[in-house]
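All chains are identified by letter, namely A, B and C, in their written order; residue positions are counted from 1 within each chain.
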Amino acid sequence: MDLISTDIAIIGAGGAGLRAAIAVAEADPSLRVCLISKVYPMRSHTVAAEGGAAGVIKDNDSLDYHFHDTVAGGDWLCDQDAVDLFVNMAPRELLQMEHWGCPWSREASGKVAVRPFGGMKIERTWYAADQSGFHMLHTLFQTSLKYPSIQRFDEFYSTDLLVEDGRCTGTVAIEMRSGRLLAIQAQALIIATGGCGRIFPFTTNGAIKTGDGMAMAYRAGVPLKDMEFIQYHPTGLPGTGILMTEGSRGEGGLLRNKDGYRYLQDYNLGPPDPWPRLKAMELGPRDRLSQAFWHEQKKGRTISTPHGDAVLLDLRHLGEKKINERLPMVRELAQSYAGVDPVHEPIPVRPVVHYTMGGIHTDIDGATPLPGLFAAGECACVSINGANRLGSNSLTELLVFGARAGRSAAAFAKASPAVSTSAARERAEAVQKRIRDLFVRNSEIETVSGLRKTMHDTIESGAGIYRSEALLQETGRVLADLRRRYDKVQLQDRSNVFNTDLIQVLELGCMLDVAEAIAHSAARRKESRGSHQRLDHPERDDHNYLKHSLATYHASEPPTISYCDVVITRSKPAERVYGGAAA
Amino acid sequence: MSEDVTLEILRYRPELDSQPHFQTYTIPYHDDWVVLDGLNYIKDHVDGTLSYRWSCHMAICGSCGMMINGEAKLACHAFLRDYRHGVIRIEPLDHFPIERDLVIVMDSFMEKLSSVKPYVITQENKAPSDGENLQTPLQLMAFKQYTLCINCLLCYAACPQCGLNEKFVGPAALALAHRYNLDSRDEGNEQRADVVASNEGIWECTFVGACSEVCPKHVDPAAAIQQTKISASLDWFKARLLPGARR
Amino acid sequence: MSRRPYVRKVNRSWWLGQRRYVAYMIRELTSVFVGLYCGLLVLGLVRLAQGHAAWDGFLAALSSPVGVLFQVVCLAFAAYHSVTWFALTPKAMPLEVRGEPVPPGAIIGMHYGAWAVVSLIVLIAAGI
């Protein structure tokens, strides 16, 4: 096993991780950065984001509008000081991306173009056709190649954090190609590992979104905040879960049920204008649209597909030219994976798990309660998204808080005493033993795929779009049982070289821990707010629950749930109003 | 009636195998499955030791490139229904060393990518407060298709020159260089020239054109390279005939 | 170290693996014949400079069965070479008129057009 020292270690090389690395390199080129990722950076899930990144740029827009849209969209669970900072920094970060070469779509004048997006009063979503995440990720990755101080560790799987004397001092990672362990000692460490959508059976998320960084921080004593808030994106393809971007609705796409009726008007999102009215109908917030689907399904008004019920996303009226120009990837995806050409037929869609609002508890600078540990991006919860994220805020969040965490980590690294090496090797050896134990087991009956299926079934049942006490309690029980069964999981592949069976086993362990945080946080929150909807507690309860939930890890017991205040500055909780009334 | 389909997959476990060998699996056929779904089925239910890269399952992350019946494809974009008759042969991408099973060693590509300086190079640094660079839709269109590369390496697997000369910078890296050279905001053509216009750069290309044919994103790296040959040649002449003029 | 990356050798018959590679190799082969024909033209110039007898001998050789066969083969291969070359031109020289890309067919068509014009000029100059 090897041991190296660095100044800043960053786990995760997606949008947030890359932006953080660049921020450190620009703040001080003499600081060494180790950028650790279990996949090559271009494979990070940022690449799949489609719609765009929000930032105020039009003359008829204001930071205040963006602030209010975000806070209301989050059902007032957002920390308003963080949202203020976020909307303030957003335009600057997006302009920086433009300077770095991001191919933003343009107006005829040559200025950056913006499109309407769900829950936003004025159009402010910067976009690069319908592959904004792809372009942003590649821009960040290619730009990061300029900085010699950034050293990459591609295909290294981080398993544990090193903690000594109450300070995070680094991480232990497996070099996937050889199976060797590497202990990386760092003055400061940033986790940017993304969300945990793969806990759910039906998700837009890629294979790698298994909540590894969330679990590492959680096990090291950092609470996971607001984990019950899981976003269902209203329009994913049945079966594969492939995302049909909100941008398709921003361009004027319509949602119809099996009778061809624009059903969203029945759910306080009307009137059904023929043109995309902002914050109304198809441009309402994601939680409300997904919930509408659930109701339509109960009423039997959804269509039946081989992969379950769906509604129809109708783009036909946009015409071939506009679809090819603004939504080329949507067309290609629908044709390849749903066998439907949106120019001629509507696309069957249904809600799919897409984003984790909750995550590692951080402050406005990306710092966690554990000194030396920072987090940014989907894995973190600042919180700017509250109980429901507005589309296109997340890509901007990667930039704003990735940069912020980078700068905070750099400042911390320089101001703090050097980490001591004593416990690092010992701790790394404990990790090695734990992994070796997995290899040694010979006749256990549990398989990673079997346990994963059980996890999928129970989390979908208990923590779906609508939840109830009984099902959540049952899910909690099943997950606790799964954790016991997990101790008997049998590795089928015992090689050292690129052992993806081992990685899947470790990822499953992370998912089981995070899933428990989700189930218990959801069970304790006895109200409905944003994307957390309780059939048994259908109203929002600001008196008791205008608070963030904090899940604290216990090794062989369920997590304990506590609460902390939400920062409310100038937007007092009110009713979320969408539709014509929102004008 | 349930149908089955047979996959013949090249395995290689360096600690057990002296060399790669085929292993056959039979899996259920589904009309809307892609080869990747088949591989996942094998890993989950038949043989957990099969190793391969994948993530997005929507042809955007570029992880799952492999040779399917001798043709470079993304496993998530190769539909079982197109291979229904006969055995499906799956091997790791050509022209790269095999790390393990369907996983190749990509280090050489990462270096080549870096070597073409794939980032905006300007004489002066602009701050965000200076506002955006204006770029008309026409200027964007000039380089847009070359931005679409997902680094899946199918083009390297299809290109015979990549097979014959491992130093060849290759289609994707050269297409990316072209993307930046054409971007109205970039001023770095000259700085890229010693890698791009070198013997191992564009001049190793003999316009076989296979790269563009296999590209899942229609980037057309072959076009990028031929256009670069013309512009590099013109630059060469300009530099000699008009010594004072710099690009 | 447990790693042992395996390098697969490219065998000499790589180009037989797929139709596109065979077509490519044929295309490349045609350039040999184009080169040979150029050599023939240079030889013709040399014979011309050497006087009447040499030039008549050259023309006689061209009219022999072998000579005719050679020229027919060269013509066929040169034509194939030109056709494949023209087909590739839109990639190497994308054109734009008033912001719209010129369709590839038009670019290829322009090459054929130019070829026809030049051929016509040559034929007229040759007195045909």
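Here, contacts are C-beta pairs under 8 Å (C-beta built on N, C-alpha and C of every residue); 3 or more make two chains touch, one makes a residue touch a chain.
Since we're looking at a predicted model, the values are computed, not measured.
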Chain whose Cα centroid lies at the greatest distance from that of subunit B: C
Between the pairs A-C and A-B, the one where more C-beta pairs touch: A-B
Inter-centroid spacing, subunit C versus subunit B (mean Cα positions, whole Å): 30
Centre-of-Cα separation between subunit C and subunit A, whole angstrom: 57
Approximate Å spacing (C-alpha centroids) for the pair subunit A, subunit B: 27
Touching two or more other chains - residues of subunit B: 14-15, 99, 105
Subunit A, residues touching no fewer than two other chains: 177, 495-497
For subunit C, residues that touch 2 or more chains besides their own: 2-4
In the complex with subunit B, residue positions of subunit A that touch it: 39-40, 42-45, 47-48, 91-93, 95-96, 98-101, 103-112, 131, 134-135, 138, 142-143, 145-146, 154, 177, 206-208, 239-240, 242-243, 306, 329, 333, 336-337, 339, 447-449, 491-493, 495-501
Subunit B to subunit A touching residues, read off their complex: 13-16, 32, 43-45, 47-49, 51-63, 77, 79, 99-101, 103, 105-106, 110, 113-114, 117-120, 126, 128-129, 131-137, 139-140, 143-144, 147-148, 150-151, 176, 180, 183, 185-186
Touching residues (chain side subunit B, partner subunit C) in the complex: 12, 14-15, 19-20, 70-71, 94-95, 97-99, 105, 138, 160, 163-164, 206-210, 212-213, 220, 222-223, 226-227, 229-230
Subunit A contact footprint on subunit C (complex, rising order): 1-4
Subunit C partner contacts - residues on subunit A that touch it in the complex: 177-179, 495-497
